[in-house]
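Reading through the structure tokens given below for one structure.
Chain nomenclature is as follows: A, B, C and D, assigned in order of appearance, with residue numbering initiated at 1 for each chain independently.
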Amino acid sequence: MALPVFSFAQTKPYLTLADAERITAAAEVKAKAEGWNVVIVIMDDGGNLISLKRMDGVQVGSIDVAQAKAKTAVFFKRSTKVFEDGMKAEGGGRIATLPNAIAVEGGLPLLKDGIIVGAIGVSGVTSAQDGIIADAGVKGY
Amino acid sequence: MALPVFSFAQTKPYLTLADAERITAAAEVKAKAEGWNVVIVIMDDGGNLISLKRMDGVQVGSIDVAQAKAKTAVFFKRSTKVFEDGMKAEGGGRIATLPNAIAVEGGLPLLKDGIIVGAIGVSGVTSAQDGIIADAGVKGY
Amino acid sequence: MALPVFSFAQTKPYLTLADAERITAAAEVKAKAEGWNVVIVIMDDGGNLISLKRMDGVQVGSIDVAQAKAKTAVFFKRSTKVFEDGMKAEGGGRIATLPNAIAVEGGLPLLKDGIIVGAIGVSGVTSAQDGIIADAGVKGY
Amino acid sequence: MALPVFSFAQTKPYLTLADAERITAAAEVKAKAEGWNVVIVIMDDGGNLISLKRMDGVQVGSIDVAQAKAKTAVFFKRSTKVFEDGMKAEGGGRIATLPNAIAVEGGLPLLKDGIIVGAIGVSGVTSAQDGIIADAGVKGY
């Protein structure tokens, strides 16, 4: 008699801790070069933490902000700057009613061949500077 | 002496799971025809889930957004587009302070003879496209 | 000059909506055969919903309970019955202090070659009966 | 006339990110030596994250559990094993009603001359094993 079998043959790429550490290191190099202290967060494709690093002297609030940015970038597959720009363009708060969406630059999705594998979230300086550090993480990897 | 008796004779229409599945199927037919992957949620008249279906590849954030849209449509007995249009017209965030109200198109109440029986919430593409799929669910039923 | 490149070469199996629907259908067949009305939830490996179905007449509380069971099974890679049995054996509440852990049978992880791909959560009847339905979903797939 | 002046002359020791990374590294060395994959969390004396690292393959639930352990160790200035032992001794759940207290081994306070500077939280294997790794972090520093 044939036993039922899980096939689940389909596969998708994912981030390892080593990946997360390389991305974080690239972001941290840029942060230090600029003298900007920040929290750097890497999440997986389900919005769950892989790593978090808070540099000395960073405001405590940035711990949750950096996580919110990474979560938004994973959950909506886009830079949080898209939401920031959208709110400015609309002159209003429609996007503020979206659950799990933070409209502040500094969160970027991590993609492999168009498939989301996670995100980086940075917070600690201005949102534009946070975005520069996040970008260094993505590019420098 | 007659004792007081609760009669509770009055009735109200309500959604069954079979109803929810027919509405979802109609919405899904439209979604597939357009090539739009979305989350489709049906809630009852208490704002509690009857069904949820996430098509492959949809951003994770749409799971909560679709539920927020359905809940808003039930809780306020109106299309979430009414709130979206209201925020645009006001040029501000007054509506953003309303508990349980999301101001993004894609949530529609389900009515039977003017009585609310539940709602559909759709999220995954643009809010206008989400609205088209939600409408197909309501109409196609 | 060499451009930085995301390698992310590693891959993992994952559940599709079609998988979720097959598992749910197998569970529902068992539920109907027994005359047990339940909520059936399927989550992905990040603890995010793929599908939810509430059969008619099920207590509203089971909507969240079924999700909590599925989330526990994903988050801790084990049957929620392990926690239920553990609490009984200990005669105490140590496990009750674990975040995201529900100690009530009815949640089972879904595994592919030892890798977690998601979970099923069932709630609506007794926890032992919920467990039978969840098992039917896993086995009948 | 002399104006009143806040002096705030007193100081307290505190953890730097470099400290957190050294403690984490010592814990990770032990974890790898034993083949135990875990989440390692370091918090400051306010119960706020300094760093978090999730090794590959660790159950998602351990992300919150490790944070809960570190927070408990900071908030109550004691090993979480004290609460675990207390619950076992009492045979009941009195401790389960304490806010921010997890009664599972694996969280240890970090002290400097009797003053709390933070905590380490470890989760991923058995609570006794988690405790061994946390201890290696504290001792190996």
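Couple of notes before you dig in:
What we mean here is this: a residue touches a chain if its C-beta (ideal position, glycine included) is under 8 Å from a C-beta of that chain, and two chains touch if they have at least 3 such contacts.
Predicted, not measured: the structure shown is a model, and the values here were computed from it.
In the contact between subunit A and subunit B, the residue numbers used by both copies make up under half of all numbers at that interface. Put simply, the C-alpha centre of subunit A and that of subunit D have 25 angstrom between them. Put simply, the C-alpha centre of subunit B and that of subunit D have 43 angstrom between them.
Distance between subunit A and subunit C, defined via averaged C-alpha coordinates, is recorded as 27 Å. Counting partner chains per residue, subunit A shows two or more touched chains at residues 16, 45-48. Under the stated contact rule, the graph of chain-to-chain touches falls outside the line, ring, star and complete shapes.
The full set of touching chain pairs reads A-B, A-C, A-D, B-C, C-D. For subunit C in complex with subunit B, the residues that touch the partner chain are 16-17, 46, 48-56, 60, 63.
Subunit D makes touch with subunit C in their complex at residues 59-61, 64-65, 68, 83-84, 87-88, 90-93, 95-96, 101-104. Of all the residues in subunit A, the ones that touch subunit C in their complex are 4, 6-16, 19, 44-48, 110-112, 117, 139-141. Subunit A meets subunit B in the complex at residues 45-47, 72, 74-77, 90-94, 96-101, 116.
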